[in-house]
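All remarks here apply to the structure that follows.
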Amino acid sequence: MIIIMERNATKVQIQRVIDFLKDNGFQVRHNIGEVHTVIDAIGDKTTISPDRLSAFEGVKEVKIIREPFRLASRDRKNDDTVIEFANGVKIGGGNKPISIVGPCSVEANYDDLLEVAIAAKEMGCEFLRGGAFKPRTSPYDFQGYGEKALQFMKRASEETGLLTVSEVMDANDLPMMLDYIDVLQIGARNVQNFKLLQAVGKCNKPVILKRGLASTIREFLLAAEHIMYNGNCQVILCERGIRSFDSAFTRNLMDIASIPVIKKYSHLPIIVDPSHGTGQRYLIEPMAKAGLVVGADGIMIEVHNDPENALSDGKQSLSIPMFKDIMGRINMFNKNIHYEKNCLSANTR
Amino acid sequence: MIIIMERNATKVQIQRVIDFLKDNGFQVRHNIGEVHTVIDAIGDKTTISPDRLSAFEGVKEVKIIREPFRLASRDRKNDDTVIEFANGVKIGGGNKPISIVGPCSVEANYDDLLEVAIAAKEMGCEFLRGGAFKPRTSPYDFQGYGEKALQFMKRASEETGLLTVSEVMDANDLPMMLDYIDVLQIGARNVQNFKLLQAVGKCNKPVILKRGLASTIREFLLAAEHIMYNGNCQVILCERGIRSFDSAFTRNLMDIASIPVIKKYSHLPIIVDPSHGTGQRYLIEPMAKAGLVVGADGIMIEVHNDPENALSDGKQSLSIPMFKDIMGRINMFNKNIHYEKNCLSANTR
Amino acid sequence: MIIIMERNATKVQIQRVIDFLKDNGFQVRHNIGEVHTVIDAIGDKTTISPDRLSAFEGVKEVKIIREPFRLASRDRKNDDTVIEFANGVKIGGGNKPISIVGPCSVEANYDDLLEVAIAAKEMGCEFLRGGAFKPRTSPYDFQGYGEKALQFMKRASEETGLLTVSEVMDANDLPMMLDYIDVLQIGARNVQNFKLLQAVGKCNKPVILKRGLASTIREFLLAAEHIMYNGNCQVILCERGIRSFDSAFTRNLMDIASIPVIKKYSHLPIIVDPSHGTGQRYLIEPMAKAGLVVGADGIMIEVHNDPENALSDGKQSLSIPMFKDIMGRINMFNKNIHYEKNCLSANTR
Amino acid sequence: MIIIMERNATKVQIQRVIDFLKDNGFQVRHNIGEVHTVIDAIGDKTTISPDRLSAFEGVKEVKIIREPFRLASRDRKNDDTVIEFANGVKIGGGNKPISIVGPCSVEANYDDLLEVAIAAKEMGCEFLRGGAFKPRTSPYDFQGYGEKALQFMKRASEETGLLTVSEVMDANDLPMMLDYIDVLQIGARNVQNFKLLQAVGKCNKPVILKRGLASTIREFLLAAEHIMYNGNCQVILCERGIRSFDSAFTRNLMDIASIPVIKKYSHLPIIVDPSHGTGQRYLIEPMAKAGLVVGADGIMIEVHNDPENALSDGKQSLSIPMFKDIMGRINMFNKNIHYEKNCLSANTR
């Protein structure tokens, strides 16, 4: 931790910071510059938070040297986290990228969901997604079919062998949801709903955590840290676009570079959601590939058997024929990248 | 609702949109431009959402004419909402701006809280704030003292006559919280935690709703709409800064213009929080005044009896002497603005 | 300057940074933390730029302690810069806030401009603004009348005694412009057109420098530094709104807090432009007051004798009757703030 | 053009808008909704700008249906623009992606530049880049060697056969620059320096136009329109990252999706600059590939023979060995994508 004092900080103010740090077991050195005094403190930040120090009079800024996430950090665990399912599917660690497809919301008719699930299975996808509880900006929009939707998800899973993903919005729903689905999802709007993060942190199920619209990479990893801190280390991050100043052509701005950045600093797997990330059908294929080429461990795509009549997010949903077309090309692309990766690692041995 | 078709939309695609609109009871007219066909639809948007239409093939964009919030809108209720408390305090409707002060978190020692409450009372403030449950970016930071903190809040309220405000993070805590406090607060990170919005929407207590870091004004008013739609119309909005590209000198960027914008489109009261809005003590006084001069119905300020030892947000907390100094000037300022306002309304009669 | 090394930086990498710093005359100390090594360097940053250091292998981050602007900084010159004109008008240093009003563009008819100038004079304003060269996002929009417009400006100045402000877009126009106008303006889009900054830096005329849509406060002050570095210290900063994620209700987002921030770190005067800052007539009065209450040294407002027929920016232009109304209230408000300021300084003596 | 009236717009206000539109040759229809009246106007927007209409009293919003750029639009020219050089190199139109490499600034020693140029040639790159005039945020940073640098560029071009790219900052430098270099570059900070856009618009040389830090896609294409409107249609767009709220790990945020968006709406070629886009060496390879996989027509990469001693942008410059390594993999990748593309077009015939 580095403490930068204001240019007019008094000797007394400087000494009080130094004393406080020493009292808390830090090793302290300080340099008196022409303008600013700078204090270096080496020690265990779990004992005092940088916020404490920035409240001292005369302190201009406190600079953290070490990233504040720990369990999520490569400093702590250098090897990639790999999440493995009973049927042998694996996420992360350089395994073949997985695909999660399905409608935004599960709707009234089971056969519609099944049709999508069958197409997904046919194209080699591993996961079926479908919302039972929908966070909607307006209270006048469709909010999901709840438990009935989850029953449909389980049935489709049994018929196709796909694993299932569904969003949890309320910790009280967790016990019920755990009966039906394989992977919990935390939506972008709940990325700092800390009570919910704690609750899924106490479950023994993998969690897909979506990046918030205003989450910095550091805050995103700290949200994962909340889950891990409560005991659940099976966290799969998901880049799904952030808020920018231009929403004329895309709903959100996909931060593709966040994927290799996160790979550098964290061992957690990360997937990419071009459907929410762009909000535009024609951008799904290129942006899925962009995510995969920089190292994403999988993709999540919205597919609906009849997008024009979808109860939510129809605009960005692929119809089944479009999906098959695109998924075929993505599968080919994954094979090529994977081949290239293997060549590379063979060469670098 | 206006539907703009893609430049290469086919006649069949155009006709399908028109038929769908007519089937749903809309009056429809369309204009075929040189490049784009434009369809105007007049009718009740509660029956179909614009999202539905944007999923139709050949649709480029759906433009909503009427703002999507209704209960929160001045179209529906032209008069300012005034929230009145048993002790006669009123928020909104051009009443004297209220002041909410107190520590970020209620801490271990009751006397510390009382000291702040007494100072607040002395300076004519109406509300004491204090966190019992703290949403923290890092799991390693202090999370609040829970019910014990609320007991302290109630005791301080009884000793001073101040009304109390505290943040709710979990709907399950509501029954307990309602016993202790007068105004519920929803934090910025929970502004789209729709389950929590629904839960406070079913309470009969005023709610302070903080703007999210990435909330547009429209989304912010739709979050209020979620509360109102569930039955609770006592919503007080709070501008507390949004995320911007520059955080070198202030923690957030206060959108002061949002206050008169919201006053134009909504009847709800709105207050301003310069402590979180800027994260800097020296900016609290000027930014409180900036909020008040454009029409805010009150301010919320963090005050701590010993900021250097605060367990959270010490950096932006005022000490008691600083607070008294600043609050004295703000009180004077409020009197002046209020005087000016009365002159104006006398003149415009 | 503080250099934070990567967690896996080698001893050789660390030593090379230390040697380089020492060779350049810096005093160096370093702390080896559990994870990161941190190097403190005290010395004259004019000799080497932090960028140089961040290019060294093993360097994670270089943190500047002292703000990079110098001539613009209060560290260098503690007293407010006051810009004084031949007619006694002063900008900055706690003098009465000045007002700059006029049309976005000077148009074809001189009498239209004169009508605005007379109203401005009548309301006690000091400056007439009017564009001769217009930076327009689209090449199909009106680009200004050039020298003819400047002749009109000068004539209106002679008839009313107002000082004149006009934007320079091309250094080649400067010699001609200097004959006609009193204050040069650099528009937001040219805030990092360094050739133009250098050129006005060599003029002996005050310059209004508008903040760019994506300028951080630091970059904004560095743009002023470019002008000052070339010899012209008569720089007036202007906050006119920055780009944000929400442009549904306002064209830009006014960063009102930037005014007291800049006052703290720089001695330069700063004014506020609510016309461009919001793009909405109804927000001009409140946002002008918000700027003034936090310490702005003046306001700039667009006024047009016939906004519905303005060739540019009609939407945000006030008509003459609206302007008189609003300006009357702003004048009253300035008197009140000024009165309050005098009381304060009397009390704090 | 669609004009949405305020909910309380009067009949007179509505009629005045309609009359104005008709007087300007527009066909007009209007729909009176429950709350808002909406006016559709079909006609030639070159005669009146939407801004004119938004200034009318009672107008809430003017919505443009057709994109405001014309020469840059696919509406006007459906086929991809291909820019061809004397030596047969082509940019755009599905041709093999080109590579532009070189140091940020050309420095004092010619051999350093030549060393980079030879490596670039060896790796099959087509263009050498190098700055002679450097736009620098701080006046204390290195500003480039001017004409001497351009002479070096020409000499390196003659020795290697590479085409050359260099940034123009001042229209007055153009006649001189045209003698030395093959492609002009407009930097991000000058993207709305309209005088400079006009000046390069009158040159008969290809221009690389970099996206501004705060440019929307629409504004970016309108900046290209300024160049084309002045007669030069050889514009190559360049995505190089925009400003976002998170700059902890990357200097800018690369908007990879902008590439397929621009491909859809414009016929102009677009390349990607991961060096400036990320500011981090380790992100150059993945982000170059991300740009190429979504359809970029080329890449621009900073390479320096001794990054630790570069006078600018060393942090993001590749050393020559790193460059060769990365460029080898990118060349392979381009071949694979190209192969895939050919298969696709063969299949879709």
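The chains carry the letters A, B, C and D, assigned in the order they are written, with residues numbered from 1 in each.
Going forward, contacts are C-beta pairs under 8 Å (C-beta built on N, C-alpha and C of every residue); 3 or more make two chains touch, one makes a residue touch a chain.
On a predicted model such as this, the values are computed, not experimentally measured, just so you know.
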| item | value |
| --- | --- |
| Lowest number of touching-chain links that must be crossed from chain A to chain C | 1 |
| Turning angle required so that chain C lies on chain D, C-alpha fit (0 to 180°, nearest 5) | 180 |
| Centre-of-Cα separation between chain B and chain A, whole angstrom | 27 |
| Geometric centre distance via CA averages, chain D-chain B, whole Å | 40 |
| Whole-Å separation of chain centres (CA-atom averages), chain B against chain C | 31 |
| Residues of chain C whose C-beta touches two or more other chains | 214, 243-245 |
| Contact graph of the chains (line, ring, star, complete, other) | complete |
| Residue ranges of chain C touching chain A (in the complex, touch as defined) | 2, 4, 7, 27, 29, 31, 33-36, 38, 40, 42, 63, 65-66, 75, 243-245, 247 |
| Footprint of chain C on chain B - complex, ascending | 214, 216-218, 242, 244-246, 248-250, 253-261, 264-265, 277-278, 282-283, 286-287, 289-291, 293-295, 329, 332-333, 336, 340, 344 |
| Of chain D, residues touching chain C in the complex | 16, 45-46, 49, 51-52, 54-57, 68-70, 135-142, 169-172, 189-190, 192-196, 212-214, 219, 222, 225-226, 229-230, 243, 307-315, 317 |
